[in-house]
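Okay, here's the structure, questions in a sec.
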Amino acid sequence: MMATRNAEAYAAANKTYEWGFSSDIEQEFAPKGLSEDTVRFISAKKGEPQWMLDWRLKAFALWQTMEAPDWSKLNVPPIDYQDAYYYAEPKAKPKLGSLDEVDPEILRVYEKLGIPIGEQKMLAGVVEDPLNEDGTPKRRVAVDAVFDSVSVATTFRKELEAAGVIFRSISEAIKEYPDLVRKWLGKVVPQRDNYFATLNSAVFSDGTFVYIPEGVRCPMELSTYFRINAENTGQFERTLIVADKGSYVSYLEGCTAPMRDENQLHAAVVELVVLDDAEIKYSTVQNWYPGDENGVGGIYNFVTKRALCQGKNSKVSWTQVETGSAITWKYPSCVLAGDGSVGEFYSVAVTNNRQQADTGTKMIHLGKNTRSTIVSKGISAGRSDNTYRGLVRVAPTAEGVRNFTQCDSLLLGDQCGAHTVPYIEVRNPSAQIEHEATTSKISEDQLFYAMSRGLDAEAAVALIVNGFAREVLQQLPMEFAVEAQKLLGISLEGSVG
Amino acid sequence: MAAVMELPSTREESWRWGDPAAIAAAAGLPRGEAPAGAWFLELEGARAVFVDGVLDEGRSDLRHVAIAPLEGGTHVLGARTTGHGWSLRVEAHASAELIQIVHIATGGENHVPAEIVLADGAQASVVETYVGTGWSNRSTRMTLGAGAKLARAVRLLQTAGFVSVRDEADVGAEASLIVTMLGAGDAGTRIDGAITVSGDDAFAEYGGALLARRDQRQECALSVRHAALNGQSKQIWRAVAADTSTASLAARVEVARDAQKTDGVQSLRGLLLKRTATVNLKPELEIFADDVKCAHGATVGELDQRALFYMQSRGIPHAKAQALLTRAFVGDAFAQIADETVRDAFVADADAWLEAAL
Amino acid sequence: MLKIENLHAEIDGKEILKGLSLEVNAGEVHAIMGPNGAGKSTLGYVLGGRPGYEVTSGSVTFDGVDLLELEAHERAAAGVFLGFQYPVEIPGVSNVQFLREALNAQRATRDEKALSGGEFLKLARGQADLLGMDYDMLKRPVNVGFSGGEKKRNEMVQMGIVNPKFAILDETDSGLDIDALRVVGDGINRIMRAPDKAVLLITHYQRLLDYVEPDFVHVLADGRIVRSGGKELAQQLESEGYVGIAA
């Protein structure tokens, strides 16, 4: 059995991206290239109101005046923005309902993706809550599945609606809740924020909108699966979550993408708004195609994620497990404006082969007695580079700020790099800012000890790495924790000899 | 001042917290009288006085120090120093006498290059003091042969203007470099350091304290690069900011692919004395070798309020209590100064600053 | 059960074991004693399969299988347990998680069914109780923050859970106070004293042997067994020292 397991592991490590496949659903494309016409096409395709089109056009005009960012530690080949499609949708748009009504091809994709059976059933909305092994009820997950750019199915809508929760694709929300969307869209990440956020503002295809009304604790975990499925199609998701006073929501996001030879661009924007005493927990497992062992192919993942803790005692917790993408560039951040608001960032980033990850967070303390915690665990293997880049800023008005930052790097092998680039900018003396960082490798003692108890080398490494990342993994909702642990091991296969 | 126009922009990463405008302003200060004072420490050895970048022979006793044409290197500020500067070359296994250098500026800009070249097993110590006003710009290249030892202590005490110091060092096998900086004047400060640990089993310590007040901006941008086996480095820095000042520390440890068994220690700590002040820290690691120990810590905060109250309750006035605690905070950065007289001078400089600032 | 013949082993090119031969049969407890630097720990590591220890000649068979051909984890699965002199800390990985994965990996190799979480916990809790280890320590990261004595006790709990055929216990008595020594000694007897099992105790002092009575005592000096005898040899060593006996 052991031998079989190993053989499978090596096959997976040496050969392919496990989930690298593409399905051949007919696509409807926007014309290749990027122009004002592309923007108008997307907006028309989605039947958007004039204000939305105007907003997009303004962003596009801005984008044309901007320069691509300075890549710091990343080595990014030049991107030809005219050589890509900016919009694609599955031709037959199924109505929400049972599994039978969804394109069977799409269902097969979900199966290959490994969406748990339970969730697939939930997607159909046909089963009671299954119980966990120990008899406790399993938490429920509502899945708004994004297939390429268009949302094709939403579940549990009724129950969510009964609670007053709005959970829609953003295109639907623009039409159904224009006032809410207009009020908050671009308020956390302004159109001119950065090159990729501006691009996203112009051409975003779809995404998710969530509104949790005052005092409501969202009755289930919300989850969206993103996929890129069309050759040369940039993926420009837009997510907006508004948590009204005293509300709570846990949102899960997981990504995989099919194998491609050409590099694919992804530039998502996620905006979170949190009012008084509200909390959003946002968890991500990112496992997009990382490219092969020579660095060919793989997703370029340039994401802008930011939360505005506007209300008093509001809280945002970002948790991310980043194992995929050829290049990852993302800094889920918190603007802590409300007095007593709390920002958290828990991150595990794994890079192997030729992957490059530059990720971290910004904690902007504006309100009094705001607190933030940053725990970053970077794991580098192969010939990869893994960078933590973070900013903790304390404004003069922010009395009593507390921040604790822990950045740990683990190197597997001597051909990779681990970098820590923290910025600390403090303008109020009552702040207490602490930053600690360590760099280590897996010691031979640890490996031998684990192996002498019966684990093979791969299993020993996976175990030790999971221990290293534990503080972050335990922040994940149960549904993701197991998957994430598996991912860490899989991502590092072939990295120890 | 055409040259000033070519100063770097704060858009550049290493000048993120920099203040190029202050350099231009300092260079524009009119030349005036040299300040009076006894700037040399009571220590035997060679002495050199530069007034606005020119050696004052009457007040100097060069002994083994030479004046020679030197290159300023490629650094944006360091490059401007190309010209005549001071040179210390010590033969293998020789110990040079202590060298004291006082840089007096009266206004305008002045640029001086320097080199310290220690052959295998050679030893030297250097104390430098900057006073006056204007823009004083220096570059110092330090080359340490195998087993060489250099201790260098630099006091930045100009009362106005700007002092920019560019240091480059190459530390050979089993050599030891210890540089201690103190910014305790009223001038803007920019310390640029690029230290390379190029020989196996070598040691480099580059640290100090920046004490900023009024509208001053003091900053240090330092990188220590480990390019050899078994190297050890320390960057112990303390930043204190009062009034509307800004003190910034950007310190980096780089570990090259082959520099296994490196032990790089970094401790950056900031103390804010007023809510209008700013401390910026950037403790950076860039690591390409897997068998290394690079622990670093950074903290920013204010003085321990309980300790302050405790001291006050025992009768110590608030300002005095602040001064005592701040002194203790800063003191860590001077611990590596081996010469007691030099260390006492650093502590006295810091005390004088605290007396005035608090 | 274990047969070592003319074993030569080196580390970093330095020969430590210089022709060691030893045979251990089922049901026997052997003690290896010897001065510092004799090669006692090296013997444990070579038998455990630690990378970096190179066997230059000789052979080791375990139940007829060439032990030296197996990787460390395969030796564990075959039933060999190495109790470490300095148990290793693994931050973030709980004892329970570590041992369950290890045990199930061993069971998988032997084509045995994996233990469920519940079954494993019951087993682990039982062993911890028997060795007087607080159950909370099972939930803590492997050896992190454990005292020297706690680490040794943890090794014994691990041994109880894994239930090996053959245990090599390297200086298991070091760092133990007198009460802990009794508990650990009782543990070894309980877990390993069986007709189908055997133990190789590597120790510097005689005191553990008061609790775990050896059938054979060997003196290891300069990479070779220089003298063998019954338990009385240990007492003789204690009173006369190694110098006289090894010479």
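A, B and C label the chains in the order they appear, each numbered from 1.
Keep this in mind: a contact is a pair of C-beta atoms (placed from the backbone, for glycine too) under 8 Å apart; a residue touches a chain by one contact, two chains touch by 3 or more.
Remember, it's a predicted structure, so these values are computed and weren't measured experimentally.
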- Message: When contacts are scored as defined above, which chain pair ends up with more C-beta pairs, A-B or A-C?
- Response: A-B
- Task: Find me the chain with the mean Cα position closest to the mean of all the protein Cα atoms on display.
- Result: A
- Task: Give the label of the chain whose average Cα location is farthest from that of chain A.
- Result: C
- Query: In whole angstrom, how far does the Cα centroid of chain B sit from the Cα centroid of chain C?
  - Reply: 56
- Item | Centroid spacing, where centroids are CA-atom means, of chain A and chain B in whole angstrom | 43
- Note on the structure: Taking each chain's centre as the mean of its CA atoms, chain A sits from chain C at a distance in Å of 47
- Where on chain A is chain B touching in the complex? 72, 394, 396, 409, 411-441
- Task: Using the touch rule from the top, collect the residues of chain C that touch chain A in their complex.
- Result: 48-52, 71-73, 75-77, 82, 84, 87-93, 97-99, 101-103, 105-106, 108-109, 111, 117, 141-142, 158, 162
- Provide the residue numbers of chain A that touch chain C in the complex, in ascending order. 1-2, 5, 133, 443-446, 448-457, 459-460, 463-464, 466-471
- Could you pull out which chain B residues touch chain A in their complex? 13, 16, 257, 260, 270, 272-302
